[in-house]
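After this come two complexes, each holding subunit A, first together with subunit B and then together with subunit C.
Moving on to the complex of A and B:
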């Protein structure tokens, strides 16, 4: 039992690490049914910006830059490519996003190379502490708390502000929103900026807690996508729930299943959830109904 | 005679001939080009990009030495690189390009990750090839007719690692490897060898690459009964996450890790950095001694003066390029069959020992038999086309420090007990 609880704790930590990028992916989906697989590269970019500025700039500036740079890139991606693909079949922007991902990855490699980089963190922050059956480091707990704050902030922004109201209106019915005086393009661009920033923050957290490599975001992409689908496409709350569920399920599965099959467990979970709830666990409240 | 019909027929025949020539292999067209052309099918991007980058350095050092000594058959040798990305599909494209389009005179690589997916294509083409990889799958498939492997096999390396564990007093060990070809090949050879030498395997962990967390796997690894050592191989990208998570476990200080040559690469050291002061890691890699090694290090320092030690695996490529270049020089031709016919003579005794193209070339031109002894070992190949070498032992922490050698005789002794 204690062993299972320890793994449950591990799963929650994994889930919080991917929750913020999962919310980013969901937000991009809501803007026009765009499943953007370049989100992994935005995560990678956030990690590299963090690595580049760590120790040089104050921490708040490092975090701000890690959010801002991917935000700008996300805006450029939407303005230059994806806004013209809204309303098309889902696979069209999906293919475009794969191309975007290749471009971004090569850009990262061109700037920083292919090696493994580390963000120097004080050793005390990486010293494990135990709370009964649970174990974690102060750094991971801090990052998990940070992820919770970020997600809460996004929820407030989307459901308690005028901007959030406009964003939801633009995602659900862009034409009607325009007629109602909502500048749908600008609002959608702002949503993409927010999504890019969230992906960058997720990358910053991963870069600080693990390592920085050109494959960082790409290797987590499938698990992020699984979390989004499990939670429910179009639901930020669902994305968070999906991330936690995927994290917990994959870690607990190691009790019974060969650890080499961990990646497959996430997809088995996705298949099972979709069998019984085709829209995911949480009903989409930002699902775009019209382009 | 209808000239128009005859003309069209000639055009068709000529076109067919041109297309056929494209797939005829290296000898048809490359023999007409000046200078020996090497083709390297190596991973320049992807999970094992560091392998390709290091191999490329070895090739460039070798080519600098070859061309500085007047080239092969009086002309500068050239290198074309195709990226295999560490996956089978890209490797197939790379090989097809090098053989079918570039018509290289000799092939370097691919590596363990992809070689088995293209070996038939390579051998059917007749292009002389030196594969760079330790996978045991090459033991019986290299054949030594137009392809060879000058680097060690996991069939030797596994018993060597087992012997290393026993010599360090470790009798109960675990195995933790990722699912990539090289690690799996190593696991298959370590376990029976360790058991034959009196050891026991407490548990075997298969680690999926590129995971967000390895905490549950580490929980299993350090569970009772605690192993004395862990036979470990993981690509550096994944190992970075593994070591980061391992640092969260106090038990990390109580277990020794025995690693392969992966463990001494620059990226592996970076991956291990958060726990470098806590982990006891012993690694086996190419032996760092001998006149062949010295010649290589001198050449490497001349080409890469900013590096204190040659990059991991660059020695394998140096040996491969030199052997093939000397074979062409001895054959007096860039014809594939002619080059292949001289590889055994260059790599094996009898012959005067020499350790670089510049040293061997005048002997070859004087008609002497030579025995090239390289950076990674003697390069003596057996009837299967495989070489068998000794190894260097290294203590790995923040830096890599030599800590002894395991000779080929040591390893053969371990292999003999395995056969008993």
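Moving on to the complex of A and C:
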């Protein structure tokens, strides 16, 4: 039982690491039913920017850069490509996002090579800490708290500010929003910048706590997608819930299943949700489906 | 250098077959299969299991079965297994109301799960190291390594052309026309009394079986079946070949495979062989495949070779 609780704890921590990029993916989805598979590379970019500036610049600047660079790239993605693909068949934005992911991944490799890099963190932060059955390190707890803060900040932004109101209006019904005087394109661009920044911050956290390698984004991408789908496409709250659920489920599954198959567990969970509760757990995105 | 040419042609052949399979699914039936590499891997590993001689397994190799069957029988069984798996997957997809996005995501999940199981679980198909020493059919008759590469290249090319002709034929049959109609307007087709689920399942199974057969021929290239050959990049390249070459027609996948796989992959290999910086290679790939794909999606989504608009006069006798 204690073993299960330990894994549960790990699962929650993993979930918080996934939560921030999951919210980012949801934001991109709500802006136009765009499943942006390049978000994994935005995460990777955040991790590499963190690695590149670590120790060279003061910490706040490193974090800001890790958020800013992917934000700019995300804006470019939307303005140059995705904006023109609305209303096309489903596979078109998917293919475009795959193409962009491929481009970004190779650009990262061209700049930084294919090796595994690590960010040097003071050893004290990596010391194991116990709370009863739960095990963690100060670093992981700090990052989890940071993730919670970021998510809370985004929630405040979306639901308590004027900008958030306009963003939600633009995503739910762009034409109506335009007619009401909301500049849908600019607002959506801002949302994409936010999503890119969130992905970058997620990447920074992962880069600090794990290692920095070009495959970081690809491996994470489907886990993020699983979290978003499980929680419910279109709901940031759902994304967080989904992330926590995916984290907990995959960690608990290691009781029965080889650890290497953890991602498979997440995928199976995603498939089950898609088949039996296709709106996800928090149904915010119900549209009539083609039979 | 010339031997590499035959291997390149063979690679183009594999991708052409995969792209034609996808063309049946997406071009004819509108099904977005993102698990292409899963079927490809299934075919390759099934052949490994069916044809591997258990006596030839080294101590470190562990497979769940090695049946040492003759090639033609193994090929047939692989095709059947592939069709069965495709059918099962199609039934599962049916249950999700076949929203194209879900089809894409679920097929992707299928490929990833399969890849994880094959590449990490030791007792299934030897995990990370893969299966080696798979028997090549007709190896005795076709002298030497270089000779076999040429044989394989010609075989795949012939199969590719055959598949393209098959596609052309299928598209012209009433079944093919029903599929295309369903792709463009499912409600109308249903109103006419067609069973959409039947149509979709058939197209999905057919396309996937082509992919499985392509995979069954994969061990012939290097006698080795390794998980590293079955990454998502393969699925991406097939989609790119189809989108660039042209959806919904017989020639498009071939053109796409030649353009993307042939030119770009070999271009990067040429650069590797030359003195230019190693960092340039990923840039070429980024530009060559990624950028081209994006440009085509934006500016010429029909691909290089357009689907011919169907005129009623074509069908009058």
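Observations, loosely collected:
Definition applied: the second predicted complex is superposed on the first by the 282 of 291 C-alpha atoms of A that agree within 3 Å, B and C clash if a C-alpha of one lies under 4 Å from a C-alpha of the other, contacts with A are read in each partner's own complex, and residues count from 1 in each chain.
In this section, a contact is a pair of C-beta atoms (placed from the backbone, for glycine too) under 8 Å apart; a residue touches a chain by one contact, two chains touch by 3 or more.
Since the model is a prediction, treat every value here as computed from it, not as a measurement.
Taking subunit A as the reference, the larger set of touched residues comes from C, when subunit B and subunit C are compared. By the touch criterion defined above, A:251 reaches subunit B but does not reach subunit C.
Contact with subunit C, but none with subunit B, is seen for A:89 once the two complexes are overlaid on the shared chain.
In the superposition on chain A, A:57 makes contact with neither subunit B nor subunit C. Looking at the shared chain after the overlay, A:109 reaches both subunit B and subunit C.
In the superposition on chain A, contact is made by A:211 with subunit B only, not with subunit C.
Touch criterion not met for A:183: it reaches neither subunit B nor subunit C. Of the two partner chains placed by superposition, subunit B and subunit C are both touched by A:263. On subunit A, the surface touched by subunit B in one complex and the surface touched by subunit C in the other have residues 109, 258, 260-261, 263 in common.
The touching residues of subunit C, when paired with subunit A in their complex, are 26, 30, 32, 34, 92, 95-102, 104-106, 108-109, 112-113, 116-117, 120-121, 186-187, 190, 196, 232-233, 236, 239-240, 243, 279-280, 282-283, 285-287, 289-291, 293-294, 297-298, 301. Those residues of subunit A that touch subunit B in the shared complex are 3, 6-7, 10, 13-14, 17-18, 109, 114-118, 126, 128, 135-137, 209-211, 213, 215, 219-220, 223, 247, 251, 254, 258-263. Residue ranges of subunit A in contact with subunit C, taken from their complex: 35, 81, 84-85, 88-92, 94-96, 98-107, 109-111, 113, 218, 222, 225, 229, 258, 260-261, 263-264, 267-268, 270-271, 274-275, 278, 289-291. By the touch criterion given at the top, residues 45-47, 49-50, 53, 179, 205-213, 215-217, 219-220, 236-237, 240-241, 244, 247-250, 266-267, 270-271, 273-274 of subunit B touch subunit A in their complex.
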